[in-house]
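Each structure below is given as structure tokens.
Shared chain: chain A. Partners: chain B in the first complex, chain C in the second.
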Partner chain A sequence: MKKALGIFIVFILLTTQFVKAQTAAEYQVKAVFLFNFTRFIDWPTTCFEASNSPFVIGILGNDPFGTYIDETVNGETAGQHPIIIKRYKTIKDIDNCQILFINSAESELIKPILGELKEKNILTVSDATNFASLGGIIGFFIENNKIKMQINTDAAKAASLSISSKLLSLAKIL
Partner chain B sequence: MLSQKTILLIDDDSDDQEIFSNALKRSDKSVKCVFANDGIHALEKINAEKEFVPDFIFIDLNMPRMNGQECLVNIKKIDKLKNVPVYIYSTSMDPLTIAANKKLGANDFIVKPASMMELTAVLSKLLKRPAVFLSMAMMLLAAIPQKIFAQKTTLPPVSKLKKLSVEQLMNIEVTSVSKTPQKLAEVASAIQVLTGDDIKRSPTTLMPEVLRLAPNLQVTRAGAHDWAVTARGFNGAPISNSSLADKLLVTIDGRAVYNPLFGGVYWDVQGVMKDDIDRIEVVSGPGGTLWGANAVNGVINVISKNAKETQGFTASAAYGTFLKDGFTLRYGSHIDSTFYFRIFGNRFDFNSSNYKNGLSADDKWNMTKGGFRMDYTPKGKSSFTLQGDLYTGNEDVGDSTQINGQNLLGRWKYNISQNAGLTFQAYFDRTWRNAKPDHLTDEVKTLDFDLQYNFRIARFNRILLGIGYRNLSDSTNSGISRFTPAFRTLQLLSGFLQDQITLIPKRLELTIGSKFLHNDYTHFEWQPSARLAWTVTEKNTLWTAVSRAVRVPSRFDRDLTSIQDLDYPPVTSERVIAYELGYRTRPAENVSISVATFYNNYDDLRSIDSTTFINRRVLGNNLKANSWGLEFSANYIATKWWRLRGGFTYMNKKFTYLTTRTIPDDDKFEAIDPKFTATLQSIMDLPKNFEFDIVARYVSKLEGSASRVIPDIPAYFSLDARINWTYKNISLGLSAQNLTDDSHPEFGSPRIEPRELPRSIHAKIGFHF
Partner chain C sequence: MKLRDAPIQRKLMSVILLSCAIVVLLMSTAFIIFEYYSFKRSLQSQISTLAEAIAFNSSAAIIFDSPQEANEILAALAAEKRIVAASLYNANGKLFAKYPADLPNVSLPVKPGVKGFRFINGYLEVFEPVLQKQATVGTLYIKSNMEAMYVQLKKYMMLATWLFCCSLFIAYLLSRALRRTISQPILALEQTAKMISEKRDYSVRAVKVGNDEVGALTDAFNNMLTRIEVQNAEITSFNIKLEQKVRERTNELESANNYLKQQNDFVETILDASAHIIAVLDKDLRFSSLNKKGEELYHTKREHVIGKSYLEIFPGTNRSPAYTDILKALNGEYVHNTVAKSAIIDGYFENYFIPLKLGEEVYGVLILSHDITDIMEANEKLKELNNELEKSNRDLEQFAFIASHDLQEPLRKIHIFNDMLGENFHNEQNMRKYQAKIDQSAKRMQDLIMDVLNFSRISKTEEAFTQNDLNIILENLKNDFELLIIEKDATITYETLPVIPGIALQLSQLFSNLISNSLKYNDKKPSIHIATHFLSREEIKANKKLSPATRYVRIKFSDNGIGFEEKYSEQIFTIFQRLHGKQAYSGTGIGLALCRKIVENHHGIISAEGEVGVGATFTVILPITSAP
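And now, the complex of A and B:
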């Protein structure tokens, strides 16, 4: 009994001592996915004000990436456009962005946001459940601890985005 | 950008790549490092971009596809690289190799594994920046664990991830603690989920043994082939092949495996191959509202993998001391992207357990099983599953018991919309057992239909309702008549309704509902529950519940021939009112903790009474009980390669005898439970594809009864371990159980010397194509 209690005291101590040490790698990988999308997807030139105006990856609501996303795009460009990250608190804050990531925790926002963005040239990405079937363009989901994608090609068409066949071949198509 | 220096490292070893990149960062942060995995990859990179001219090139010698020397020759042919210094970075110290490479144009030779300090010094010199000694020393410290666990421990730097193709990215395993969406009803209950990986990493082979991983279950093994499993107590006395534990509902892919003859589970035949289990959900506490009768103290749902996830050919063979031998075969394939299937077969033999004096208990057994699963998901809103299996086995209990069974289950799921769905399920199940030494033959045929419908009313009501019909025909045959009537058909009609109401969005949820059922013995029963979950903050949830659940009588309670002619009220349903309070928290991304407490009030528990005039035994409902306890469980991802999970349960109970007719110590037949149990599972991914896993368990003393001749079972601490090595398609494993003692008993039967479980070991080889 004492032995077992000892084990659990150690266990609990462990859990409380080192909890902050590790960060989730899931969003590190997702950040790289977002960056990769700039390589596999074509945006109409009309969605940029100038040939060197920034390519904006927007994050709506709670930011799950921490600094990962900033590290990932640091110094990178999409064609001539330097990639920058913008964080939006509410739907109203969203200005001109090319990729918009919506945190799964903001699932209540998804329907209104998708309605608002329908005709704009914005690649909507989220890890909310059934995001693509709700009308979002790319939905992340996890299968066997691996990140998979679901792509709603109709929604992509509506946003005038052309997605490379390479990316499509790796995703579940809706 | 132009002034930024670039180094090209051509090396197939990702550990070396990482060390190099770390050393480079220490020497000069501004230098960019580009990696290529072999000669061909490097040449592709160099040729792909005209402007790509690194300032330095480092080449490993031993690489697949194109080795370093060939690569060097090719690089020296490229015009734009004419003036780029090339360094050989290799384990080779052979002077002839060094000379040959220098002749081919290599500027210098750096021997691997270079210490981090050396490498940093070399790089600093090249880049003409003084290396800071302190930072190097720090890095040396940091480099040690990185080298040991390089592939799995450290988070890969973003720069490295960016180099991966999308396919490679999709193959990276990510850590996320319980990111799976929780089922609505589970938020406010003491549910614990054993994931496929937890199960795979268990040192044991059989399903009831795997259940020991759930700290809120009490699993006891009475011998080689007899288990009793319960939650929150009431593990009844062992009887032939099973126990009187009857307060847990167990389903395998939606098929209830509860035996109507005595109300328990024959655990020996409930096997799903370990690798095919997707997850096991263990709910402690009443689950009657959703799951039906007999989920008085808990529910176990075993969910097998979709056929899509078991593609390819898998085979394994095991050989050992207690598990004598075991073989599994599985083949999964698909017709197109909508239709997947698998077929499987397995066979195992267990040796006998032993008595304290070391003599064999003669309870060796074997089981042969085959089955299939098909999953069809056409475009549209429907999905279909058809699965089934059949088994046959032989068990020694002094004499030989034969067992066999077959089952077939079909399920249709229809997604009406985002917020509404329909599930229809039907199954047939037959189990047959010729149990010796009682010479009781029992055949149970079950036909079951279930329909479930979920939808929303407004935004704040999620409704789940269902109806079910079950037809059980049970046929017994024995030398002397044990059950009257020998053959009986039981019909069970049930329905349930549940509403999950969002009182305050994202904060307060109330779930109310009830199951209603009609059975042949006690007719109408209802099992309501109310659950409230308060999400204090995003990562902290406080929940509470009150529920009522019943256990309807089994044939053992009503149809025993020995009680038929006695003038005594028939056994009615046992009832419980359970009060629960729990708390779930995730103090950090890698830690989740759950605490659940309960207070249960049982009425009309089965009792063994004596009749007034002639002293004959009869069954009544003259026991009452209160039980209370606490369940703690936690998951902790210590590092990328080390995961810990486990918990403990404390429980206690008090019985009240309602009449003096009830035989003293009768409660020992209904409940022999430890007060304290604890489980800790450690899962480690070591370098070179080694896995090292440990399961430690502690079970406190089981209190027997002198008057009923049920022995005390002393407390025990047990340690299981597993080591596994995967090389390409082959895996080799060694598992050991009960490392801490030669043998120990886990359960005591009345009037029978306890059988003990030996220390055991088995080796396993597996193939996957």
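And now, the complex of A and C:
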């Protein structure tokens, strides 16, 4: 009995470790994807205060990327705009940002958040389930162990973002 | 066969065919090369455009890591048959997608290359960077074959070959047609020329065909023939005249030659009749002439010396005065040598070296040599006789001077004692004494006269030499001196003496005088030794008074007598020279002078050495072979 309990504990420990490792690799890829969106999506110039004001990638709620996303964008630009990372605790903290990643842990908040951000020129990204169907622009999902994208073109249009057809050809269009 | 020697028809055809071939070949080559390059250029631009489109489309697939999408994009290349391979590399240079999907990785580049295209092994390879918003996110590689181009080129080549053959055939037909109008008239002209040269019939004329260059040539040829005909006639008549003239000249030359030959013979006869050597050398010192006297004296033949150099014929003359004189004459100097000893034969010549000139230039030397050997020899003999005469005169003078003194002395005594005899008639004892003195003086005078006669006789003797055994002469003398030897208790020893040529009486006199001197000038018991020694060649050579060609014997007479002072060793041989008073030793003073005369008569030498109170040695050296 005791033995069976021991084995179970070890198993639990091992699986959580595995999941943790896999999660880290997954978020590294997602961080790169976030950065690469700047290359395939055009924002209206009006959403920047000046031609050299920063391009902000915001993270709402818990930050799953750690320092990796900072390293990815370090020194990079989107056009003339230097890319910076901002982390927001609550929806109220959100100021002028161009990409907003919403952690899947905030899934119950997604609807109000999206309602708040509607009409703003913000590319909303999340790995929450059915994010695009809920009105988000790009939702990540896993298929065959690969990170895939679902794009809500109506939401993008509403946010005045033009997405490259090359990016669209890689994603599921809603 | 060389093209130069080919018939004109052939040349014509060759030129047409060759130029045609060259034109077609050049054009085809230029066309194919142009096609090759334009094809390449178009292929390159087509593939580049394609690569740019594919690269543009594949950026998202690379960035968002979708190899499936990338492969699909590449699969679109299937529409383009020329593309044999394509691949995509991500930003890290790792192979990301490929076309065709089943292509093994090894046939693709491991790493992406720099942007651009290359033609390698019949393939065109293109590397095109995949850009997204100016950032390079990957590289596209496309490999295209150029088979289409090669197929096209092959078609062009076949076309060119066909064109080449056709144009050659047409050119051949053309050249055949041209033959009639160009080469036919030339051939006709050639036939005519051949016929003329074979038959030598210059009246034939060529037929003119047209008014082109060949027509002009035919006209010129016909004109030439006309002129040849005229000139031939002229030459024939000129030849006849020339032959006539040659005959005349030949006759003239012949008579001139005959005259010259006669002259030559005449000169040669004169030269050969000459009592002098006459020779001519050219400027290289080669004999060009030598007369009979020369042949005679040089013991040679004309044929042996003519054309050969002087030094070659007479080696060893290159230091002789004659050679120097020849060189002087070659420089234009007239040389006359009244007496010259010949370096060639044993004799004397009077020489003339006369430069032979043509204008200022010396072309040879005339040598004229007069043989004066006989005259020189006669002269020599005369000189010798003269010397002898002079010596004889000197001897006579000396003789007269001394004789007058020595002969007067006993005469004066006789005179004095005769006076005293007249005053002493009464004293018989004194008379006898004076009579004895007169007798003694007369005896001495007689001795003197005898010796003087002997001496003068010897100087004039020209008796023939005979072989004399000196041993016999000495034995006879010992007999003659027997009484004196016993009286003085003397001993005479001698080594075996040789047989020598000479006059017996004189040799006997020589030995007698020397032995009697040794016996006479001695205050002890006389001991005389006679030693014999045959002189070696070295010893003969060392003595300048002896002839090196003759063999000599040396005979030494040594005694233990009173000797003489060294300083008198020469003086004692002078006539009437006495070293001692008459009172001590009797003698006429002629003996040793006589000895010297005898020895000299026999071509020998005599010398003396001595030491007072110890003894004297007389050395006589005489030839043992007949004098030359």
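Just so it is clear, the second predicted complex is superposed on the first by the 151 of 174 C-alpha atoms of A that agree within 3 Å, B and C clash if a C-alpha of one lies under 4 Å from a C-alpha of the other, contacts with A are read in each partner's own complex, and residues count from 1 in each chain.
The rule is short, and it goes like this: a contact is a pair of C-beta atoms (placed from the backbone, for glycine too) under 8 Å apart; a residue touches a chain by one contact, two chains touch by 3 or more.
No experiment lies behind these values; they were computed from the predicted model shown.
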Touched partner set for A:Y68, first chain B, second chain C, both or neither: first
Which of chain B and chain C A:L134 touches, first, second, both or neither: first
Partner chain in contact with A:A31 - chain B first, chain C second, else both or neither: first
Chain B versus chain C as contact partner of A:T45, first or second or both or neither: neither
Of chain B and chain C, the chain that contacts the larger number of chain A residues: B
First (chain B), second (chain C), both or neither touched by A:L170: both
Set intersection of chain A contacts, chain C complex versus chain B complex: 29, 33, 36, 40, 146, 149, 166-167, 170
Contacting residues of chain B [partner chain A, same complex]: 155-156, 158, 161-162, 164, 166-167, 169-176, 179-181, 197, 309, 418, 505-506, 538, 587-591, 593, 632, 634, 636-640, 644, 646, 648, 676, 678, 680, 696, 698, 700, 715, 717
Touching residues on chain A, where the partner in the complex is chain B: 1, 3-4, 7-8, 11-12, 14-16, 18-20, 22-26, 28-29, 31-33, 35-36, 40, 68, 71-72, 105, 108, 129-130, 133-134, 142, 144-149, 166-167, 170
Contact set on chain C toward chain A in their complex: 57, 59-61, 63-66, 69, 132-133, 135
Residue numbers on chain A that touch chain C, as the complex places them: 29, 33, 36, 39-40, 79, 146, 149, 164, 166-167, 169-170
